[in-house]
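These are the structures in question, set out in turn.
First chain A sits with chain B, and in the next complex the same chain sits with chain C.
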Partner chain A sequence: MMQIEVIEDESQHVVIVGLSGRMDSSNSRAFEEKMVNLIQAGKTRMVVDCAQLQYISSAGLRVFLMAAKQLTMAKGKLILASLNDDVRQVFNLTGFSSIFQICDSREEAIRNHGD
Partner chain B sequence: MAETGMENLNVVIINDLAEIGRLSILVDDFVSRHRLPTRTAFELNLALDELLTNVISYGYPDEMQHEIQIRGSIVDDLIVIEIEDDGREFNPFEIKEPDLKAPLVERPIGGLGIHLVRQMIDVVEYRRLDGKNIVVLKKSVPTHFHGECDDADRSH
Partner chain C sequence: MPFKILVVDDEPDLELLIRQKFRRQIREKELEFAFAHNGVEALEALKADRDIEMVLTDINMPVMDGLTLLGKISDLNAMLKTIVVSAYGDMENIRAAMNRGAYDFLTKPIDLTDLEVTISKTRQRIEVLRESAREHKQLIEIQNELNVATNIQRSILPCDFPPFPGVEGFELYAEMIPAREVGGDFYDFFLLDKERLGLVIGDVSGKGVPAAIFMAVTRTMLKSVALTGLPAGECLRQVNRLISLENTSYMFVTLYYAILNIMTGEFEFSNAGHNLPYLIPVQGEARMLPADNGIVLGIDENYPYRTEKLQLTPGDIIFLYTDGITEAFNQQKQMYTDERLHQCLKLTPGSSPKEIIQRVVEEVTSFAGNEPQSDDLTMMAARYHP
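Up next is the complex of A and B:
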């Protein structure tokens, strides 16, 4: 079970995607569709807030990778925030920590888009 | 410590990805019955998820419903999980390791699942027997928790 919440921070021109629950192969497609729709709508400054994300498998990592590639082509940027220890471990073990900018909080991630 | 049926994991799922979420609850329960840390549940669930996702997504040449059996037990300080499916013959551990240092643009999409299984599990085995794929996963009980089961019911 996973929930996706999208918030637009208009003052910062950043879109925040909040994930909660478990992201696995049964629901990663919903996240993929959401990200593709946002990118196609021109939302290229993105923060994915993982504070409530309990679990991620490679199916979820695949969506992050796809989104990052599309955003790079669109001259945008994806910053992740607030990974819990378990999720962080998955990012570390797959080398994803070195290809994504990861911040400790949503606020810090939004600030980093301003640079 | 004697092994009893109550403490084992014995689950049959069908070839539907939604079953992986249901299994994870049973694995969490299995791990907590043995008073192991939640990190262990996360690691077992991730390994099972990656392997079962492969079987369910690519393992069957037909559109029929199939059953996959998952059995788990803990003997002494070793967690042993067995997955048995009747899909096409496939040894997941023959997959080549991905390049984890490649820059973003060169990263292939996918190919990380089995790498994660190897990181979560100490020993992985595969065999084909009677038309079935059998994967065995062995993982040491975290040292810090060894022997905690003997203190059962102290906190309840």
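Up next is the complex of A and C:
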């Protein structure tokens, strides 16, 4: 139901995690493990590309929150990119838009890591 | 632990033969044998040693024969496997034994190599059975955990309507239809004083026992803060501070808290990232009630939740719900959505809170069709009715 794709953009030193499908409590743990492993491996500049993410439940939001807090502690940064309207609405409603940096495209998100 | 076998035969030589044949396995504590000479002795041995897993029994014996013994063994221990030994070609007894639950049979004179194969085959079979019994037990434990979460949720939500007999000025109804795995939804209502009714609806992130416990804690905290009579936004600030300080698991809760003055119709509310309620006015169309969307509780300990106010007209209804409604899926993986809920509520003028909730339940259930319900469906509706 949900795929996770990890790409390292070595020229920019950014790790891009692409999500597709529906993220809910039945699969958010896989995403959590992936993020924890990347953070522990020292990947602190991260972009989560949500272009193909169709739905996110509160269990999925929790993982974003966990990742953002751990990256902040590791002096890193998490930037989200390309939220579709439904996912964007959930971020707006829950106030998550105000605690995450959200960009319209993956390229913009990568550029923002350079700043 | 050795595999324990009880051999039942009135022929004394068999014991020597077996001890000789399996001496290596006995010495290496792979197998252990016990011996009985008739059915009665066998039953006593089985009752004395519950670790015996296999019985090898003759059919013709004094005192109690093998067929009678078989019947009693199945009462004693269903996991016990019995192999009967009969005369070659004695199909009648073999069939009778198999019908009484024998697992296998050997013919006389016993071929000891054959017996060795039968023992190892039986042993494997018992292992498989034991494994599946273990798995079954684990599944039951998981189910029990789910039930714990459901029980926490059920025991917390008030479900007597009307809730405060003798108190007039409003009409209230609420319902929660839990998902198979509890989604952490809750609602609550209480009288702050003679004029003010507190209304709460919330949804904890995640599912299962952790969500249920977080839900119970949040509900209790909010109620105890709310009963001090502070404005809605101030209540959320205090509860948020308490939850955020201890929150190492990154859980959070969306929550909408409102105070309805049942004498004046003043409706005061504060929102922590929860779905926006609908106003179903006594005249005009149902509409979503805008609110300043505060962040969910548990994340930012200093978040300044605001108190907002609205004046209700007698007969107006406020409809509160959780995302289990708007995010209910059908088999085509489409969501019920805010738009469909809005359309549904537009068609309910003149209905009571209970009728509205029943209507929404019917609509969402028929929309979802056979798709399993993945989240709790929770609704609460209050009519200002002075």
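The criterion applied here is as follows: the second predicted complex is superposed on the first by the 115 of 115 C-alpha atoms of A that agree within 3 Å, B and C clash if a C-alpha of one lies under 4 Å from a C-alpha of the other, contacts with A are read in each partner's own complex, and residues count from 1 in each chain.
Convention: a residue touches a chain if its C-beta (ideal position, glycine included) is under 8 Å from a C-beta of that chain, and two chains touch if they have at least 3 such contacts.
Treat the numbers as computed from the prediction; the structure is a model and nothing was measured.
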Open item on the list: Quick check on the chain A-based superposition: chain B and chain C, clash or fit?
Closed with: clash
TODO: For A:Thr72, select first, second, both or neither according to whether it touches chain B, chain C, the two together, or no partner.
DONE: first
- [ ] Can you tell which stretch of chain C bumps into chain B once we superpose, 20-28, 128-136, 290-298 or 308-316?
- [x] 290-298
Task: Common interface positions of chain A, toward chain B and toward chain C - done: 22, 24-25, 55, 57-59, 61-62, 65-66, 69, 86, 93-95, 98-99
TODO: Could you please specify the touching residues of chain B with respect to chain A in the complex?
DONE: 17-18, 20-21, 24, 39, 42, 45-46, 49-50, 53, 56-57, 100-105, 107, 109-110, 112-113, 115-116, 119
Task: Complex interface listing, chain C residues touching chain A - done: 181, 203-208, 250-252, 254, 272-276, 293-296, 299-300, 303, 323, 327, 333, 335, 374-375
Task: In the complex, chain A residues that touch chain B - done: 1, 22, 24-26, 55, 57-59, 61-62, 65-66, 68-69, 72, 85-86, 90, 93-95, 98-99
Task: Residues of chain A that touch chain C when the two form their complex - done: 22, 24-25, 55, 57-59, 61-62, 65-66, 69, 86, 92-96, 98-99
